[in-house]
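Next up, some structures in structure tokens.
What follows is a pair of complexes built around chain A, which joins chain B in one and chain C in the other.
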Partner chain A sequence: MMRAKLAYIVGLAALAACAVMVHAGPSGGTVSGKVTYEGTPAKQKPIDMSKEPSCAKQHATPITTETVVTGPGNALDNVVVYVSAGAPDEAAPSQAAKFEQKGCQYIPHVLAFQVNQTLEIANADQTSHNIHPLPKVNREWNKSQPPGSAPIVDKYDKPEFIPVKCNIHPWMHGNFAVLKNSHYAITEGDGGFSLPNLPPGKYTITAWHESYGDQSQDVTISGGEPKSVNFVFKAKPY
Partner chain B sequence: MGKFFAIILVVITLASAYPIVTHKFVQPEDISTHGHAIDEQLADTMAEGGFAFVGAQLLLAFFVWKFSSRKEGSKVTHLPGGAKLMVATAFILVGTEVLALGVLGQKAWADVYFTPPKPDALQVQAQAGQFAFYFRYPGADGKFAPIHPDKIDEGNQNYFGLDPANDVEARDDIVTAEMTIPVNREIHLLMHSKDVGHSFYVRELRIQQDFVPGLDLSLHFTATKTGKYEIVCTQLCGLGHYNMKAYLNVLPQDEFEKWLKDRAAEQ
Partner chain C sequence: MRTMNSSKLFLGIAALLVMPLVVSAQEGESHIGKLSGHTGAGKQLYFRYCWGCHGYRGDGNGENAPYLNILPRNFVAATFKCRSTPTGTLPTDADLYNSMGRGFNNSNMPSWIELTDQNRADLVAFIKTFSPRWKTDKAGDLIKVPAEPKLTVESIKHGGELFQKLECWKCHGQEGRGDGPSASTLTDSNDQPIRPYNFAAGSRFKCGSTNEDLYKIFITGLDGTPMPSFADVIKPEEAWDLVHFLRTLQVTHKSPELALWGSTKEGAEQIASRRITGTPTGSGIKQ
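Take a look at the complex of A and B:
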């Protein structure tokens, strides 16, 4: 009678332990951290859009360049943090990555999406734009887009960081980050990022910034525990 | 039929001369010191050409009217001297007219192109590139820093390719998208193209000058009236040529200095 009760209690405990392990956290581990800078970054300059009055009047205070965007606590924003090695290549998701031309500005300034993922570029302005991504590995093209026209739909078949400019409005600049898998994040605000759902294994995490280049760190995920990786970039005054 | 044609000819001639003679087309206001000479040259050309045009057309109409109902077999009268004299007359008439325009107009041209700028003229550099104009002022050191085309970085607003990290004179250069100048002060405009051919045209200034790739060109002028004027590109330069313009602001001297100081703070 006692033995049966003991077995019952042990069995229940084992079951409970299993339940706890199953609900311990998300599937796989998470790499998270912060990207910051040290030193003095170059001043971001106001953009004079007087040659395009329909855009100029959308900004009560002129917008500034976005080549170095910072946040509180020396945070560095617009950094693409991604898994550059250790994760298998993934098929592109079905939803499109959206890039917008609004107020003669590219929104978002950095757009990350996957190889072969549909890219949709919309023109929300009253003026024509001529978007010209500048890849070195992928096919280069530029396309005119009058106001009110349908979005441009295209895709890139090789991973690459691609600067984007407008042939008509020289101040417009943006970036495409074409990546091989879905493990990526772009820092904003406090410079924090989180890469969840990483199965156990050895990974290389790379942080890329359009003005300060890229840095990589290796991290090993062994269970469900979170790993912390931080990046510090050296800012340049010019 | 011939007489009807002669009447139409007279009507068309007078109708096309009417708006010119009555100044129906108003010229843009002239805000430059050399503008009146250019306007006079245009008026002289219109007058000389106009008189020749009206005279020739009325003479043609007269001949058409007079000889339109000539009978078969009637004698044809020739002007003395024949074709040779006609050609010679044409050469002399037209030649004199063109020479006169050249002689009368050469001073207007020389004033703009053959006189050097005053030594104390304000230097402003203009760069034309697809598809915007950008301007540079030398800053407190009075010097324009060298330009390095390989350092052009438009995402960072470095349109001229300045290198402030290594060139000390570049640190105070002021780059703007609008051209602002003080009124009644001679401006020495230094011009170059970043890529292809463009042209700098401010109609109120009576200034139009092509940017030729590879050449450093210069112009000098003095604006006499404050206001905001358009600088338009008048040389087809690509798909954005229609959109290529900038604004010229002519301000009183003290307001110009304040504007320059504000722009310097933004660099």
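Take a look at the complex of A and C:
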């Protein structure tokens, strides 16, 4: 009788310990995976910057266009993976999203940030740049930025994927991804992404690529376990 | 009894006074100086005069649009070139009214000065109904144009330095002929090819013909085109110097600035080298 009672108590303690261990983990589940492509993507062309010598000399070998950037193992980079449904809209964080013009290139090529988050655009080059984001839903503005001038500070109040060009340097292209919540990641290198801290619920995960469009998959988080979601885009030859 | 009657009368008058206010708030109005335009009247005029180019939905896809090089304005997007307000903001009613009256030189938008002032005010009110932005945003704050300072040769020369420093020549070219290194690559916000203004040809600007109009063009930028706003990077006093210099690039257009510049040795040489002279038949053309 005593042994049974002891075993019972030990069993309860072990169970309690297990429960504590589960709740001590990160708050919510994680969706992670890889974005890859199949087929042959269009060849990226080298950019001729001879019309802007101050930028041309910053690149020992000419840089290429970035409409499709790939990584090892058929990885597709510069894909914005985000929660498009199932998560509440979030207030913008206080730190600014930074976009830089350097070597007549937009760095990063794709910048993701939230609705109403401050956007800071800096010109690190010796030449003027004329950044011109081309939104269809948000308001369109167009400002000149000579070298040495202060960063342009602005924000967008509606979610949208916005292409960005420079009116002076036609090879410069970039993208803004204005999103409604903080659950987003941009793939690079091996095409992997991770979206942590998702409370239990049903979510739609969307992957967006500037040349290949977007794809969505639904996933349900029920506890703290990680979920795997992969995206495969069909490469276009042009 | 008397108080009952007079309070009823008071209520009746109050109701009558409030009613027109309620009606006009729903209808939408424009205000230009003392003029008030109304959407009801504007709608009749739009579908008589405007929709052939600007389209049934006001999106610039009228039946004439495929034949036009510079496409008609898309009122649904509410991005306008000629404004007195900062880049990215809505124009004032007066901006739209003036654009309509002036027309857009070097495009298919004619001057609608033959319509009455009231007609044009009504059209402004109706045009504002095409875009939901007019309900959520107000027109931008009017930009301040300081009084024009005295015209001097120093002002013109300083304007020339600004033209170099702000790299206007990258699109407009060193002589302002619209042949800068980036000129051939320019596209507007609909990815249509577009050319920068050619100062040497001397035609009227899209957004007016006075020095103040020129000042506003590079301070507000022409939204929807590659022409940006320089409001954050040029001081108001310096902006006038740039205006004076730009007038000297218009070698075929008589102006006080051109005359003053031509009275200097350097200026006279420059103008002579840029002007084409000769007889209309072509013989004896000197350049």
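In this text, the second predicted complex is superposed on the first by the 217 of 238 C-alpha atoms of A that agree within 3 Å, B and C clash if a C-alpha of one lies under 4 Å from a C-alpha of the other, contacts with A are read in each partner's own complex, and residues count from 1 in each chain.
Please note the rule applied: contacts are C-beta pairs under 8 Å (C-beta built on N, C-alpha and C of every residue); 3 or more make two chains touch, one makes a residue touch a chain.
Keep in mind the model is a prediction, meaning the values are calculated, not measured.
After superposition on chain A, the partners chain B and chain C collide with one another. Of the two partner chains placed around the shared chain by superposition, chain B and chain C are both touched by A:I168. In the superposed pair of complexes, A:H209 makes contact with neither chain B nor chain C. In the superposed pair of complexes, A:K180 makes contact with neither chain B nor chain C.
When the shared chain is aligned, chain C comes close enough to touch A:I152, but chain B does not.
By the touch criterion stated above, A:Y238 is placed in contact with chain B alone, chain C being left untouched.
In the overlay built on the shared chain, the residue A:K136 is in contact with chain C alone; chain B does not reach it.
Touch criterion met: A:S144 reaches chain B and chain C at once. Looking at the superposition, the partner that touches the larger set of chain A residues, chain B or chain C, turns out to be B. Legend: residue contacts after superposition of the two complexes on their common chain; A:K34 is shown touching neither chain B nor chain C.
Chain A uses residues 51, 127-128, 130, 144, 167-170 to touch chain B in one structure and chain C in the other. On the chain C side of its complex with chain A, the touching residues are 77, 79, 87-89, 133, 137, 165-167, 170-171, 181-182, 185-186, 189, 221, 223-233.
Those residues of chain A that touch chain C in the shared complex are 51, 127-128, 130, 132, 134, 136, 139-146, 149-150, 152, 167-170.
For chain B in complex with chain A, the residues that touch the partner chain are 129-133, 154-157, 159, 164-165, 176-178, 238-240, 243-247, 266-267. Across the complex, chain B is touched by residues 42-43, 45-52, 65, 67, 127-128, 130, 144, 163, 165, 167-171, 173, 210, 236-238 of chain A.
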